[in-house]
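Order of writing sets the labels: A, B, C and D. Residues in every chain begin at 1.
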Amino acid sequence: METNSCDVPVNAGFPIPPRVSRKIKPEATIVNVAGVTIGGSDIVIIAGPCAVESQDQLFETARAVAAGGAGILRGGAFKPRSSPYNFQGMGEEGLRLLGLISKETGLPLVTEVMDTRQVELVAGYADMLQIGSRNMQNFPLLKEAGLCKKPILLKRGMMATIEEFLLAAEYILNQGNDQVILCERGIRTFETSTRNTLDLSAVPMLKRLSHLPVIIDPSHGTGLRWMVPAMTKAAVAVGADGIIMEVHCNPEEALCDGHQSLNLPEFEQLIKELKKIALAVDRNIS
Amino acid sequence: METNSCDVPVNAGFPIPPRVSRKIKPEATIVNVAGVTIGGSDIVIIAGPCAVESQDQLFETARAVAAGGAGILRGGAFKPRSSPYNFQGMGEEGLRLLGLISKETGLPLVTEVMDTRQVELVAGYADMLQIGSRNMQNFPLLKEAGLCKKPILLKRGMMATIEEFLLAAEYILNQGNDQVILCERGIRTFETSTRNTLDLSAVPMLKRLSHLPVIIDPSHGTGLRWMVPAMTKAAVAVGADGIIMEVHCNPEEALCDGHQSLNLPEFEQLIKELKKIALAVDRNIS
Amino acid sequence: METNSCDVPVNAGFPIPPRVSRKIKPEATIVNVAGVTIGGSDIVIIAGPCAVESQDQLFETARAVAAGGAGILRGGAFKPRSSPYNFQGMGEEGLRLLGLISKETGLPLVTEVMDTRQVELVAGYADMLQIGSRNMQNFPLLKEAGLCKKPILLKRGMMATIEEFLLAAEYILNQGNDQVILCERGIRTFETSTRNTLDLSAVPMLKRLSHLPVIIDPSHGTGLRWMVPAMTKAAVAVGADGIIMEVHCNPEEALCDGHQSLNLPEFEQLIKELKKIALAVDRNIS
Amino acid sequence: METNSCDVPVNAGFPIPPRVSRKIKPEATIVNVAGVTIGGSDIVIIAGPCAVESQDQLFETARAVAAGGAGILRGGAFKPRSSPYNFQGMGEEGLRLLGLISKETGLPLVTEVMDTRQVELVAGYADMLQIGSRNMQNFPLLKEAGLCKKPILLKRGMMATIEEFLLAAEYILNQGNDQVILCERGIRTFETSTRNTLDLSAVPMLKRLSHLPVIIDPSHGTGLRWMVPAMTKAAVAVGADGIIMEVHCNPEEALCDGHQSLNLPEFEQLIKELKKIALAVDRNIS
């Protein structure tokens, strides 16, 4: 489980904010999402569709990921989309459906919140709130999340440095909420054959500098369905505490991100392969 | 060993050059470096010092990496350095020492060539010639390497796209030399907490588009000695055919890149851990 | 005034969103900020302190930029800061002071809004609302701004492509507000000697693709006070419709961004030099 | 002509190499290219085709740029091309043609050298040797150029920091050749609507740190013919000592880079407009 075998003093080149710093709190923070813990020896799989599109699509996918080994359900009701003409999500009706299937499957729910005015609404349905990469420096939203009693899944901005990422988390902790999970989801570089460049070095770096759990999003990190398995294996080997990935019962017809979503058999097969790698690094996928 | 579990048609967004293309030659190319093969089920470890500094330093390090599980010896006699005032390598005397210890240990030798005028000289000592990242688009050097009878280790430029990387390899194959190994060694991004951003997604991408073997350089890719083990594990899990890493008998006193070189006990320990991950992905480190 | 002397068909490589597209609306949009027009032959200077720190600091700076040739006053009351421990702005009291000095000097006021819940409050004081680079893809905020009756100054995200920038503006126009000014303020690259890389090519590109006015922020674009004059001259020569720059009565003691703020004599001197360049490209600074 | 109107101490964040440093040699270096001087109050226009394709194409273009105001002729005989299947240049026959038309027009000649083995050959025809961006860190070539008696035009690598660029120039000066011109030609960023991102801030930065002349290549910097005029005007306003641009008698049929080459009337028109901007910044285009 120890990813750093060399005992070299750390110098990140910038001051580590105090509340997220491992120097000040050496023991790992365990985040508790309605009974599922992240940051310990278990590697948690968070899976589900990019967006809630319909009851059928959501329920079929959610039941399958529950059966296939997911520990937490993901799904978007409010969707940040580059174009105003793209599907913007089902809104509160999507939340309601997510709440229903979360109860049925027993999987805790994580879903995105984009607006300070919706934090309370989303927190009424979700077990963990996601702050997306485009909002990583939406400081009013970070502050509002810090006042919320639910765990926060904070995604790294696609052009955010490690320093800025930790400072964004610090905004949340500074308001009194220390249940924060950091998620690397790919950074923007000059390379265009992948959607983003998944920066797996962020895992050992963040875990060395901070006590917070770190997870990987290989779906947005690569944007390529066929590449998700290989990068997920690498994420487990590098020391990630969890994986958040897009799974869809019918990726070809998805309204959003179908090209990067696994179908159900692919998901099941991948989980089996991940378990072997988890064991090889003394971790566990239950 | 198959890294792509999803059967989605590939569209890299650019034309794949014909001689490196897997579409045209579906079976993997096996590169033979004086008897050591790269590109099959074995994962090859290439290790040694960044630069040859003295006979003692080289011989001690080389013997230790041979004992610890390396399959090929690396070491620089001609060094590309950003500043003219930095140590530029021992030159031909360095080659001579490399040749001696290569024979003694039985490890084939890879070393860098920087100048078209030195290809013949370097090929007289080395079993494989390295073309470094700063020379990835040094087209006369690529052409000269293509006329050489020795295998070529081609490093990705720190700002080269996958397309440009494949085109650079095509220059070599186009001259008649198909014994080329591709090496991802970190790309330049906005992030500064690591020396470069090691782009592990390059492994599944390159292996999908091309039949050539792909290896990873975690030393230059991270620039951080303590991070090398974690990223090397990820490289094995993601499907790399080999690892090239810097090892030094006394990193604190290295003339070059000591901050990113493993010491000898760290190297031995890492190889043990890598073997477990190799098994988990149905590969082998001998 | 025409920056594109070659008549080559445009192919930006992506679809231009319809409401911002110059193909659909060829004539330039003139934005009217309480009587000051942007997008015509005049180049407008927007100047003032990064943040309101005190009545004295604000009033002294505002009076000086008014005397020196500014057409619009800038100043921040709500400040997006990377760290929660940095000065976060004076809030509503800052807005009140900005309103007072705007009236006294006769300069229309632009100030930043960061939270959907504050749009109405800020619009009560400001003649134009600024949406900062970190909020360029804060879609709820863009939508709220689109419902507002005031002009919007939209800054390019430091990680945003030209395509994403135009799509963000489209969100605002799509709600019925076409009074939008685009502002290039530097993008994030590998280069670290400047704070950002000011992408002046964004001016001809945006003006070719869209009918909206385009301005430049050399203060954030360079982060270097001594470099602001040279880059501002270039911005005028390249065809910008305005400049937004930080000016401070005492940069050495500024609470925010003093290292990139001009002092008052520097500002006055620069305006004189800019007028000559404006004439050389058939524009005018009044 | 003074681009830095603010008297702030310089801190580039890295040590300036001694031979290129303005601290050590405060007066500007004037480079003399067969009688044409660069680095003084005159702004020099270097123009010509990307590649020599035929005698007709070269001679027509060269005579037109001579008549239109160019001070130096450019043209490539050895071409660095990403793909081995692209036109690689006419080689020595191209050099011969360049030499003929250089004599006829009286324009000194700059052309690229890519291989240490060709330095002598190219220096036999050219008045200035160009080292291209892909070879900026080809250290043997830099050293060979430093031993040559001809001025060197050194292009910034598309991935090179300002620090690395200055260190590359230092390699040349360190061999005894101080006749070096620095050329910014666009850096690689995430933005794809332009071929590269032309970093005009490199001009004031390099001129502040170094005594060497700095010129701009708007053709490669933008990759867009229609954008060349706007960016060239900006380059003059920002303080560049010269411009190197691609001009072709028939861009539509060029074998190389036609999409970024001006045709002859566009070139003539641009020079007229540039003269007005040069005057506005107290410079001169003769």
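Keep this in mind: a residue touches a chain if its C-beta (ideal position, glycine included) is under 8 Å from a C-beta of that chain, and two chains touch if they have at least 3 such contacts.
If you're wondering where the values come from, they're calculated on a predicted model, not measured in any experiment.
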| item | value |
| --- | --- |
| Classification of the chain A:chain B interface as same or different, half of numbers criterion | same |
| Chain pair with more C-beta contacts, B-C versus B-D | B-D |
| Remotest chain, chain B as reference, centres from CA atoms | C |
| CA centroid of chain B to CA centroid of chain D, Å | 34 |
| For chain A paired with chain B, centre-to-centre distance based on mean C-alpha positions, whole Å | 33 |
| Inter-chain centre distance, chain B versus chain C - centres from mean C-alpha coordinates, in Å | 47 |
| Multi-chain contact sites of chain B, meaning residues that touch two or more partners | 159, 163, 188-190, 192 |
| Parts of chain A lying in touch with chain B, wherever the complex brings them together | 3-8, 10, 12-14, 159, 161-163, 187, 189-194, 197-201, 203-205, 208, 221-222, 224-231, 233-239, 262, 266, 269-270, 273, 276-277, 279-281 |
| Residue ranges of chain B touching chain D (in the complex, touch as defined) | 17, 80-85, 114-117, 134-135, 137-140, 157-159, 163-164, 167, 170-171, 174, 188 |
| Interfacial residue positions of chain D with respect to chain A in the complex | 188-190, 192 |
